[in-house]
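One chain, subunit A, links the two complexes that follow: it is found with subunit B in the first and with subunit C in the second.
Up next is the complex of A and B:
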């Protein structure tokens, strides 16, 4: 069989790392956020949760991608695997980033406080839910989630690095062995985490689809993000012959597939609630289709489904980098707006962008991307000794 | 620079050093050889069951739906259960032929032909139930939006109507897909069979296929297009079936996770059915080289994964039924697990969530006996899933005065048994007269089909470093 050799340099040159820029952005964001925390604590908490839920979604989706890659023994994505591996190896950092949410729980989650002058219905309902919705159990649950994710993300990264060093192909099996039960744990932890972080913002609302919905959003956005990172690396002249048009086209295909999957899940959830018109379910959509929130909802519909669907349907779009860049940016922006649309109507009856929203976003962006590039430049940019690397390079 | 010079050699998809011609012979000989005795026996039994089905349907239409076990609250009994069960089974065929094709899964070629056949026959069995359950079958055409002097139209807001379109589209596309794939193989049979009549018939269906370059290009393109068209159908059909339940406000039916949960369940049961049939067929026809233990293992992994998807949905439903704090939902779920139909609920839980966990172990995944038994267990479990959903939610409705225990009548049971007659009659005819493996596609996954297979001097390659697989 014809063999394609690795001809690119696989080390990330220090001078090309945008680390400094992200440290600067992050520092400004953190400073502004701290000001925001003092000036308007409630707004800060909601902005913080939005940014948190947005950025961790990439790390979580990355973990899923890495595990599914190992389980299915895929070869197509070996050359890009180090990118999601790096993201998911940093899941432990979110333990620290979650502390502000724990400290500010009273601002975010109505179920932490007493019901005040609300209708007695709510007190009864909360009483019913208190075995699950109580601060102690909330903390315990989140410790479990982060423990599971940190372990899986870190361990898989460590194994991958070890394979780089030793070239021992047996590690491939070890990775598969933790990925299989890992996927199962991932499914349940992410579902319950999304209940805890986002669904319980309105403790009187519920949807069995919620966990799948958060996952579907995240996984679609991840492919957009990965493609953008590859474009960035290409623009610096890196991995030009390693991550080729074929790999980018495949990621475009995945992005298309999960655009449809996201729409399917989001529509099913919406449609079943719409059709049955039960007040305890429709209340969630009711506030989100009020006033100018409905414009935001329409933007999401077009931004992450209708436009990407039409554009990505044909094969040529997936190898046209300009088109791809446009679609990926559109999906990422829509993803952010959707998380915003999920969190913020709890606080504001009307859509408005607060400066603290931008501050926490910049802070998180700095931390997230800064740490990524820091870690990414420490090891080779691809798993250089992976048994299927040659096969992946051969893709055309 | 990379230190990696090795290359993983994938396990061959076809075992036993076959050549192009030996593959053709292996599959086509089945059709050309005289009919074996067991086939007549099996066909006879299937025909008796098919006759039973016709008798039951005739009795039903003559007497009316009162012959079924339906009662005041349970207005949807075995008919909808059997409909969903059969439609669900069909899904594996479409998944294998469309989605696995788009994912470039070469191993699908061994099983896609008869999985597709299974799909078509299963949808036929499924279609009977909604048609006959209407009671007055002579006005069944009212389900179609036909202009009429009464200005009477079906309710376009009803998912039951969408089902009519979804299932008929699904059947049509599956049939086309199956037929397009069969064309080159019909041509092979046309060129091989000895009987003149056989050659004529196969020749008719082969549409003048000669295997020319241009024909192959058209073929590949149409196959890809059909795969693309069939992919959304994998989701849409069972999604709409789930809508039949979930758009209502019946506790236990109305929950947002229903669409993906039903799709996962359909694939789960479909793969189990393909497994059952594959293990029998490969044994009888000696096709172990094509349908290898590796295929079995891969299918078992899919069964394990989809089994857990279904398990995930069960757990989410139960959790939210409590968490939602809605009295009726809570009652519906506690009633499922501990009420009068608890036995059905626990059979479902055991068969669908507990039993597939044997497949965490490689030994079990590769054991023919375990795979065969579990594949049947899964389909029993999936039948009970539909039973639990349908009956437990209806039997104890909002008015305790009308609660009654639902039991099927002998007509219910025998009609269901009869559908197996329809299924196996068709399936046996398929095994006897059609190439049950996609001959042309199997050849494409042989190592010889790789343009780089032979080196410049025309020698066969030597295997390089190989990775040991485990788990």
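Up next is the complex of A and C:
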């Protein structure tokens, strides 16, 4: 019964790394995106923001998962912890990736420009909101967000690597001490960042649930992504006896739980606006339920709540690899489409996929996964000296 | 066998085997399962991880009980609101339709949860044969230590494979420190 020893190799073998493929995909995506930038700058900015908000959501949710793991002293996920740790350690890279958004702000955010020939209502409203919505404060806020995230992600990763090297269990305390205030800072920064990046696309609209909505989306999608990465590692013959069916079943359980949480939050946001029927609030949904956007909205409802909920309801399904492969892909696709559905109606009254959308997606996918596998293969794939490792390995 | 002669006319309930530690109990449970015993149970002062697998227990039926209750709550909640607000007493609220599904969801959700919770709690009682004020194993003085530091397996006489001599030998071979006959 007891299987408390590591029997897998925990080094990522260089020849199995898909790094080159991702570098190639990323390079093609970046080149195409640059063409897109020249050809259609406005479309490029919106596509870029969509891809940015999609990919950073995994890194942010990873940071939260790592911190909650430290605070609760969880043992179940020690063997998979290095994956989210690696994602969140790379949050500093998004500082660089955010620069294009800062440069192209006036394409994305109407509040950066003057109101031109729009109704005077908007000028008054913008004047009212200008203490918060102004370019200088936007930049300052984003510097704070990225400083907090970069510090937390990088520090927790470094501590974890240090424990690998020294085997000093006292580092466990240090990680917990960072994580507790880190969670508090994370909550505020992510909420405000989502206000700034996505909600302020329309400055006349607001939802107080927006921060938790973005977080709920991200955290649900993260588990889908983690499960797929574990499947990928398994397909390469890695960590087969280290990340077992029991760990995957736990991640399936989390994914199920946060599918419900996501639905709860997303519905609550919709419901409050629907029931109150205050015109300026309903406008956001009005646009997104018009024409073929309504098909997209229905796809999101089924793709990331109804189908995963029904499929994952039974206990065996949560650790059934075939079921999980289907559900994780469905959730990830729905997550991407939902971010698209949030951003794009600001630009297009009808749903249509532009080639620049695909270009920026490929560029980001290449950067994101390439950097992940680069970093992931540099250190061991699990925190090998963690005090709770044996407990996690022994899980069933 | 250490039992007194006068007990011989009483009906045998089963054999109670005592084990020294959880590992031995787990091994004995696994052996009993492999040997083909069906009506046996393991008793320990605390839950032991992996015991379900060792005893070959199937997943609990509780999930299905909860699901059926949840579905009744879901359908009942929806039906209640549709009937009250569109058939029995239709009221125009802000020009919204009488059958206003988004507005019905909170109550439907709450009723689904409420009935599921009832299903879970009372279903658990039902599956565990609770409340149960008396257990034949209380006839054994040694069994009192199951809440402290001893581990037991009881093979019931109603099991098809049960035989006083064979089963006792089997339990001793499985590492029992003591085997006792339990009478009804």
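In the analysis below, the second predicted complex is superposed on the first by the 393 of 396 C-alpha atoms of A that agree within 3 Å, B and C clash if a C-alpha of one lies under 4 Å from a C-alpha of the other, contacts with A are read in each partner's own complex, and residues count from 1 in each chain.
Here is the rule we use: a residue touches a chain if its C-beta (ideal position, glycine included) is under 8 Å from a C-beta of that chain, and two chains touch if they have at least 3 such contacts.
Bear in mind that the values here come from a model prediction, so they are computed numbers and not experimental data.
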Fit or clash between subunit C and subunit B when superposed on subunit A: clash
Partner chain(s) touched by A:314 [first = subunit B, second = subunit C, both, neither]: second
First (subunit B), second (subunit C), both or neither touched by A:20: neither
Which of subunit B and subunit C A:209 touches, first, second, both or neither: first
Greater subunit A contact set [subunit C / subunit B]: B
Subunit B versus subunit C as contact partner of A:275, first or second or both or neither: both
Part of subunit C, among the options 1-9, 91-99 or 127-135, whose backbone runs into subunit B after overlay: 127-135
Set of subunit A residues, in rising order, touched by both subunit B and subunit C: 1, 271, 275
Residue ranges of subunit A touching subunit C (in the complex, touch as defined): 1, 267, 270-271, 274-275, 277, 313-316, 396
Footprint of subunit B on subunit A - complex, ascending: 1-3, 5-6, 10, 125, 128-129, 132, 167, 169-170, 172-173, 176-177, 180, 184, 187-188, 191, 195, 204, 206-212, 260, 264-265, 268-269, 271-273, 275-276, 278, 280, 384-391
Residues of subunit B that touch subunit A when the two form their complex: 1-4, 6-8, 232, 235, 239, 243, 246-249, 254-260, 308, 312-313, 315-317, 320, 323-326, 360, 450, 452, 461, 467-471
In the complex, subunit C residues that touch subunit A: 26, 49-50, 53-54, 59, 63, 67, 94, 102-103, 105-106
